[in-house]
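Once you scroll down, you'll see the structures, which are given as structure tokens.
Both complexes shown next keep chain A, but they swap its partner, so chain B is in the first and chain C is in the second.
The block that comes next holds the complex of A and B.
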């Protein structure tokens, strides 16, 4: 029973983080049509920005989180205007730009902070106990923040004018432009939102786990797996796939060795790609 | 036209200046000693990228610091010729294929016959290249997997206790300081070495009155979230938790995950993870009841060289950090063998080294052994320090423990 509860809490916390990151990735891909492989590096640098604000400048971790989101959001606007927009329509050049961004961000951390393991202070300390059951307050807070953020994003995309504009561009870029939607402005805002989501995830994971210069590689793979499983253009699919991937990552190592559990998770992705290339809920992918 | 000629002239002058000034600046920047001393290049296999990089790069920095100390003391002298040490690093990319490629570059492309590292199970990928070319390779660590250090590696030497020796030291620590611990649950990195280590290490603990409950719980090399591992650990009824091998990126998060599940059992590891790293990752509230192989500055009976290394690293890198000194052992011992044998020939050095009974290490006097464990008497065992976080979260030195791997 104790093991089951612990595993369930782990699965929910992990899934929520994965979904936040994947949602940011999908936003950029859906609107800008860019496979932003720098998303993991942005997630990583966000964690370190939060760490520097909290540990270096002594800010409260919540204020640090907010400032990090603003800083990284501004970075997203910069990236969209100067890195992605000029390469619009050229997949190869976009890929090279993303690789360059990854290398710059990772090398910056390696040179300035080094390889020593770091961690953000917990957003909530303590352990909640109920008889033999124990749950870390940090994990619960991570899950709650991620869930709340996802709810806000769903509301924003489905219920606001901005969200409608985002959906219009995702469906038909030219048509949206002809309808008077400012494509560049919406693209910039979407990229900012995507990076902001990565920032939240980076700070939360920096406290939940730890910070490392290459931590973004791991989360990028998870985001790609979720996008593949869910399919392009499906926000609901992101939630479904995120729960699957997070659940597998939290559950399989309990019963199997680490390497086998990861192989099984990847194997599932491969099988889905073979029998349903567009994912569970998606449309055909256009590059 | 005139403007174009002027720009061309300026560009040409700048180019000439750069070509003349740059080498001059480079030569001035290098602090190479003058005189007749030559450079002794030691090939160094290090993972500069990938999951093993955080650990390996720390070790490279430690090794580099040792080389500076040795060079300041006059380097190495062989047959009247003075040599200053230089580490020539190649990236192993945290993979066996990367190790083989890096070793090929060092041995075949650069012609180096004295190779330092790699550490852990990666050694099995370097051995074929070194053995085929009769290059002496000094390992920083061994996981006892086939091909790392055995009868097929006559040119291989293990300069450090390795997984087995480290486990022995922690077992001795438990016997001395925690006699109440009679059973342990073990977890370790799933790098393929568990089948070769589990029987030996389990037997040593059990021969010393400590039961190992169940099989070892493996975790992936790139495991990030240790919550599932912690859940498995908590489900096992044992007095203490033993993380047999891992890097700081494994040990600290695993410790944190264990404590977050409310598991307050004593947690020890025969790898290296500084208590300060545990406090940084897990937080002060959760950092207690922990022990690891880790030297600390100012500890009683610290050899002078070890103290010097710790001080220099702390001063240079500005922070307390986990210190391994595995490849540092390798370089230090190799230098002694070179000095004693008065030769740079790998075969001469091999023959000399395997006849030695003792050799000095930064940790104290080491003894040659390993015939029973590895099949070849090429392993050095040396004393190990233990660093402790007590039940109140205070850091203190847990003592020195003598180790001999037969």
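The block that comes next holds the complex of A and C.
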């Protein structure tokens, strides 16, 4: 019972972080039409920015989180304007630029911070007790922040003018432009939002586990898995796929060795991709 | 997409004298280089030239495979496990490693050939991750996370026979790949990359050719991997993970995916140049990133297209001067 509850809470907290990262990734994928390999590195660097703000400058951690989101959002606007837009949707060239960004960010961290593992202070400490069950408050806070963020994103996409414009661009870029939507502005904003989501996830993960220069690779693979499983264009799909992947991640290692459980998860994804490339909830990208 | 960049334009025949001269110069190098370390660097360069050129062989068919290091790993581990645990002779296990990579490549090539562009890149990425996790899961057989040691070597302790062996192997592989690309098959592959619909409409069996390209590319990757295993004598799965694939992709793109010489130049530049500044090895990725950005923003043809860019810039300047004078 104890183990089951702990596993469930772990699964929820882990999947909520995955979902936030995947949501940022799929926003950029759907609107800008690029496979942003650098998303994991942006997530990683925002963890370190938060760490520097909180541990280095001694800021309050919530303020640090907010500032990190703003800084990384600005980075997103910069990336969209100077790195992604000039490539005009060319897959090869975008991929190269993304790889270059990954290299620069990772090397910067390796050179300045080194391989020593760091971590952010917990956003909430203590253990909540309800009868015989005990739940770490921090994991609960992680889950709550991510869920709130998800709800805000759903509201933003479905209920606001900005969200309508984003959906229009995702459906048909030229058509949206003809209707008077400023595509460049929306693209920049979307990229900033994607990076901001990655920033929140990076800070949360920095407090939940710890920070490392190569933590972005792992989360990128998870985000890709979620996007493949769900398909593009459905936030609800991202949510369910995230729960599935996070659940698999938290439960399989309880029974099997780490490598085998990873291999099983990857095998499932490969089979899904071969037989149903458009995912279970969304539409297929046309490239 | 990749299709647009690779042209089907026929190329001038190589001047055999030039290439022969390069091989002879390389063959004479051990007379001057006494340091074992530099020979090691040159051998690694030769190995990665095979791998990168074979990556390009797959890329010309429009398949952007992100599992190339994993196929190299399949060859390496097959050869290493057979010779280490079963005691099979090295000369038998190396071809078996290459064949294993080719068979697996052909086997997964069929289902993967349904997918294109981003989806192909993604599915191959996941396949590569899966292969690595299976290698990890095999425990003592493949050394898991600790790495596999005690692999029997091809030659003795001296690096010089290895150097000549790899020089010969690389020349042979490049020759085969060159013939493969500039015969009917290669042209068909480029046609598929440009437009699979047009290629299909003139009677090209698209899937068969794409699988053929993948199998051929994987064969060379597996061969290089197997030889690497029997040369390095220690295998760590870090050499075959996603980062390793990205480095291979970077060698190919920085050198230029458009030309046959591109991957060779890219691998040589990116492996040899950082060795001159060994103390600053941490900063190597900065060099690679800077080169990548230069390639994207300044010379889209890659380093192999550099002479072309300089020539056209020179002609333009000359023309401007002439128009000013008149």
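In the analysis below, the second predicted complex is superposed on the first by the 284 of 287 C-alpha atoms of A that agree within 3 Å, B and C clash if a C-alpha of one lies under 4 Å from a C-alpha of the other, contacts with A are read in each partner's own complex, and residues count from 1 in each chain.
The criterion applied here is as follows: contacts are C-beta pairs under 8 Å (C-beta built on N, C-alpha and C of every residue); 3 or more make two chains touch, one makes a residue touch a chain.
Since we're looking at a predicted model, the values are computed, not measured.
*Asks:* In the superposed arrangement, does A:139 touch chain B (first), chain C (second), both or neither?
*Replies:* First partner only.
*Asks:* In the superposed arrangement, does A:125 touch chain B (first), chain C (second), both or neither?
*Replies:* After superposing on A, A:125 lies in contact with chain B but is clear of chain C.
*Asks:* Is A:115 contacted by the first partner chain B, the second partner chain C, both or neither?
*Replies:* First partner only, chain B.
*Asks:* Answer with first, second, both or neither: which of chain B and chain C does A:178 touch in the superposed model?
*Replies:* Touch status of A:178: no partner.
*Asks:* In the overlay, answer first, second, both or neither for which of chain B and chain C A:257 touches.
*Replies:* both
*Asks:* Applying the touch criterion given at the start, work out whether A:91 contacts chain B, chain C, both or neither, answering first, second, both or neither.
*Replies:* Once the two structures are laid over each other on A, A:91 reaches chain C alone.
*Asks:* Do any residues of chain A touch both chain B and chain C, and if so, which are they?
*Replies:* 257-259, 262
*Asks:* Mind pulling up the chain A residues that touch chain C in the complex?
*Replies:* Of all residues in chain A, those touching chain C are 35, 86-87, 90-93, 95-97, 99-104, 106-107, 110-111, 217, 221, 224-225, 228, 257-260, 262-263, 266-267, 269-270, 273-274, 277, 285, 287.
*Asks:* Could you list, by residue number, the parts of chain C that touch chain A in their complex?
*Replies:* So the residues of chain C in touch with chain A come to 1-2, 4-5, 64, 111-112, 114-119, 121-123, 125-127, 129-130, 133-134, 136-137, 144, 242-243, 246, 249-250, 253, 257, 282-283, 285-286, 288-290, 292-293, 295-297, 300.
*Asks:* Once bound in the complex, which stretches of chain B touch chain A?
*Replies:* Chain B reaches chain A through residues 50-51, 53-54, 57-58, 190, 218-225, 227-232, 234-235, 248-249, 252-253, 260-262, 277, 280-281, 283, 285, 317, 319, 321.
*Asks:* Flag every residue of chain A that touches chain B in the complex, lowest number first.
*Replies:* Checking each residue of chain A against chain B gives 2-3, 6-7, 10, 14, 114-119, 121-122, 125-127, 129, 134, 136, 138-139, 209-210, 212-215, 218, 249-254, 257-259, 261-262.
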